[in-house]
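Two complexes are shown next, each including chain A; its partner changes from chain B in the first to chain C in the second.
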Partner chain A sequence: MKTFLVMLKRNIKMFFKDKGLFFTSMITPLILLVLYATFLSNVYKDSFMGVLDGFGVKVEESLMNGLVGGQLFSSLLAVSCVTVSFCSNMLMVQDKVTGARKDFLMGPLKKSTLALSYYTASAFSTLIICVLAMIACFVYIGIVGWYITVADVFLIMLDVFLLVMFGTALSSVINFFLSSQGHISAVGSIVSSCYGFICGAYMPLASFGDWLRNIVMFLPGTYGTSMLRNHTLNGVFEEMTSQLTKTHPEPMVDALIEGLRDSIDCNLYFFDTQVEIGTMYLIVSLSILALVAIYVILNVLRKKKD
Partner chain B sequence: MLKLCSVSKKYAKSDTYAVNDVNIHVKGGEIYGFIGPNGAGKTTTIKMIIGVLSPTEGSIEINGTDIAKNGNKAKKNIGYVSDSHVMYDMLTGKEYVNFLADVYGVSAEDRQKRCEKLLEMFGMKDAFNSQISTYSHGMKQKINVIGALIHEPPVWILDEPMTGLDPQSAHALKTLMKEHRDKGNVVFFSTHVLEVAEKLCDRVGIISDGKLIKEGTLEEIAGSEKASSLEDLFLALTKKEK
Partner chain C sequence: MKDVIQIKNLYKSYGDVKAVQDLSFKVKEGELFAFLGVNGAGKSTTISIMCSALQKDSGTVIINGNDIDKESDDIKRALGVVFQNSVLDKSLTVYDNLRSRAAVYGIHGNDFKTRLDELSELLDFKPLLKRTVGKLSGGQKRKIDVARALIHKPRILVLDEPTTGLDPQTRLTLWSVIENLRKTEKMTVFLTTHYMEEAADADFVVIIDSGKIVAEGTPLQLKNEYAGDSITIYGIDDATANSLGISYEKISGAHRFSVKNTAQATELITKYPHIFVDYEVVKGKMDSVFLTVTGKKLEGGDNK
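And now, the complex of A and B:
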């Protein structure tokens, strides 16, 4: 246990001291922020206004800002939880490349302890960054338009935790096979640039073609984005419903809200079947368990091979 | 105590043995020099002693513990200084030594006492709080030695330890090796510098083509050969073996 804690401390320290790794892990969230700041925010605002105008309704400015901000919030966290964990877990590969892993195994350290220390350190480092990002997002939402309920705040925390676990487990399995600086660069670049697209963070899956949308629905990360989106935007939709039903017929308001929820992936469809939020949790949780099991098996097999 | 019993190593894609039936027994209070030409099997033997490689046949005991059966317990008794530094450039010398002290469970009091003495001997006090990335090769070697000795291991293994050290530091290292021996510990080191082995070792083992071809005190080895120095002996023995 003591050795595990020493290795855990070392791994977390090395990640935060390695400016290259740390900066790489922040690339995707930064891209997202730049995209929102430059044009995505306006694109979404115009698009939502277009839908609302189509129904002949108007909503308060703060409600619109809450809607766009909630989408940014969910996208940012959905991407960060996975891409940051990939980068923090690169330490495992770097230690292989530099020979530090062999060095550790010369000391009184079990291979299983080392593997567990990489996993835990990666999860911990990612949680630190994502919790800070989450706090920053809460502050931002508080400024532009806060409609999130207390229950949703706790559910957002749960979503972040689950996505960090998912990202750590996925990166542990993939990084297990990497053994050179070239591998680190290639995987780092691919994940940083592609994950935001395939999980629906940059653009909603609803805007993808049918075939592409059906393919990405097989990826568990997609459900994580939708979970976060539901919990950041539930309050906005409830407030919108409450305001609009005072002046408009309820069926029309329901149709409008459902249309908005469909357009930004709060409602996800696996082929033609809508996926319930409980099912999304089940998919993400089972994926984490399956990936952790694969990581354990890979380590056991390597131990036998050595 | 360090004991190698009929240790052999054959790599997976090779037909020949890299190390073949080597028997070495180093008692506490001895400096043992392990010498041999390039590719003789020195590094493979050392890697098996420190537990990085598993022997194909035979067993290795560190202070009475079989490294194959109880690796962690055996490794706690080893301090290792390698010829190639896998250091953590982003850490300071102090952070690196503290990390090793934590891994080996050295108390704060002991590590401070040992650090002070070793830093003084190697003239590293001023550089201890600097990042390892700013160190020269020799300074890295010194911090490597300090890290290896921080838990006062009963068995100290050194692979080509004099490489890159200035004369003062080489002298300090030799003094440390003698001190460690005088405390009843084992010092096992490989070297190409035969003069160092000649002056420092209580016993030497000469390995060639994976086989331990001669072992004993310099007098014992010289007794069977007409040679005036370890260098002459080494050349004569390895030539004969070829």
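And now, the complex of A and C:
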């Protein structure tokens, strides 16, 4: 255990002292936050206004801002938890490049201890960055329109934690096969540019074609995005329901809210079956366990280089 | 003295490339053992196999009485390795580097502090403990590399071209530390180097080429067998030099003759005592040995 803790400390220090790795990790959430705040928020806002106008209803400005902000918040965190983990987990590849990994394993260090020290250090570093991003998002939502309940705040924290664990486990398995600086750059670029799309963060899955939507429903990250989206927007939808039922028939308001929830992936459908939020947690949790197990097994079974 | 390393019929191939072929040698306890070969000769492959970092194809490797196929963890504890390229974490301090290395061997708390004190005194790096490795000079980094390799008190120190790129003063310091360790702790040193003068100080030398041993013995045996002696005679003219009937080269104020061995030199001295008034006989160098047995010049060292 002591050895694990020392290796963990070493890996965390290595990440935070490597300015390149640290700033590359920070840049994804920062760019997304700026993009959303300056450009995408207006696009989403116009889109929501169009839907509401179709139903002939109007909502308060702050409620609309809360709706847009909640979607931005959930998208940003859903992407960051995974892309940041890929950056922070690059240490295990760098150690292969520098020979540090080979050096450690020339001593009587268990491969599983080294593997778990990389995983835990990467998860810790990613968590710190994502918690900072989460705080920035809370501040942003607080400014534009806060409707998040206390329970949802805690659930968002849980979602971030689980998504960081998931992102770190996924990056651990993928990075296991990488062994050069070129690999690091290639995987980093692919993940940064693609993950946001396939997890439904940049564009809601509802806007995908049927076949593509059905494919991405097999990816656990999709459920993570939906979990976050539910918890950032539940309060907004409750307030919207409460306001609109005063002036509009309840069935119409329910249909409007459900339509909105469908359109931004708060409701997810595995083929035609709606996936409950509890099931989403189960899928993400089991994926974490499975990926960590695969990662440790890969390390333990890894033969000495032929 | 017992054999602390025994390698027998070792084979290792990478596809069609035979990196190590039927390699067999022994290293005695406390010995300075030099393992020489050009780049690609199979030195690093052999070291990697000894350190359990590479799987052999066949053969036996016994280190400190432990078979590498059965007791690799014991072997790992018996070996300390200084690589040609430093594997220290450049962004961390010297202390952090040694702390994590000690943890690999399960050395914590007071045991670590005691060992750190011993090594910092031995290698004189106490003032460097809080400094970042990336900011140290080449020589300082090398000291920390050695300390890293010695943190768990290994029986055998493997030095893979440890002095390449170091200035002469640092090389001397490093060698004095290594010599001290050999004497005080009976440490066996397994050395690969590009500096022939370092190999000349070894107790036993193995030269490999294309994965096979091409020569082995003490430096003296190798010089006697593969490198001729040279005789330099001062203050004679060309006619006198020609009268000896062997080839020579003219150097400043003297003539240098190449002879097969010391016996031939003695024969000439006895036969022409009037010519050998002011002279010196010099044994062949390890560079000549290497060139003779491999047909290649060992690049590196000062030439690098």
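Assume the second predicted complex is superposed on the first by the 289 of 306 C-alpha atoms of A that agree within 3 Å, B and C clash if a C-alpha of one lies under 4 Å from a C-alpha of the other, contacts with A are read in each partner's own complex, and residues count from 1 in each chain.
We take it that a residue touches a chain if its C-beta (ideal position, glycine included) is under 8 Å from a C-beta of that chain, and two chains touch if they have at least 3 such contacts.
Since this is a predicted model, take the numbers as computed values, not measurements.
Once chain A of one complex is fitted onto chain A of the other, the partner contacts of A:Ile198 are absent, as it touches neither chain B nor chain C. Of the two partner chains, chain B and chain C are each touched by A:Lys2. By the touch criterion defined above, A:Val275 reaches neither chain B nor chain C. Residue contacts after overlaying the shared chain place A:Leu105 against chain B and chain C alike. In the superposition on chain A, no contact is made by A:Met252 with either chain B or chain C.
Overlap of the chain B and chain C interfaces on chain A: residues 2-3, 6-7, 9-10, 13-14, 17-18, 98-100, 102-103, 105-109, 306. Residues 14, 51-55, 73, 76-77, 79, 81, 83, 85, 87, 89, 91-92, 96, 99-106, 108, 152 of chain C touch chain A in their complex. Chain contact summary for the complex, chain A toward chain C: residues 2-3, 6-7, 9-10, 13-14, 17-18, 98-100, 102-109, 303-306. Every residue of chain B that touches chain A in the complex is listed here, in rising order: 50-52, 54, 71-73, 75-76, 78, 80, 84, 86, 88, 90-91, 95, 99-100, 102-105.
Partner chain B is touched in their complex by these residues of chain A: 2-3, 6-7, 9-10, 13-14, 17-18, 98-100, 102-103, 105-110, 306.
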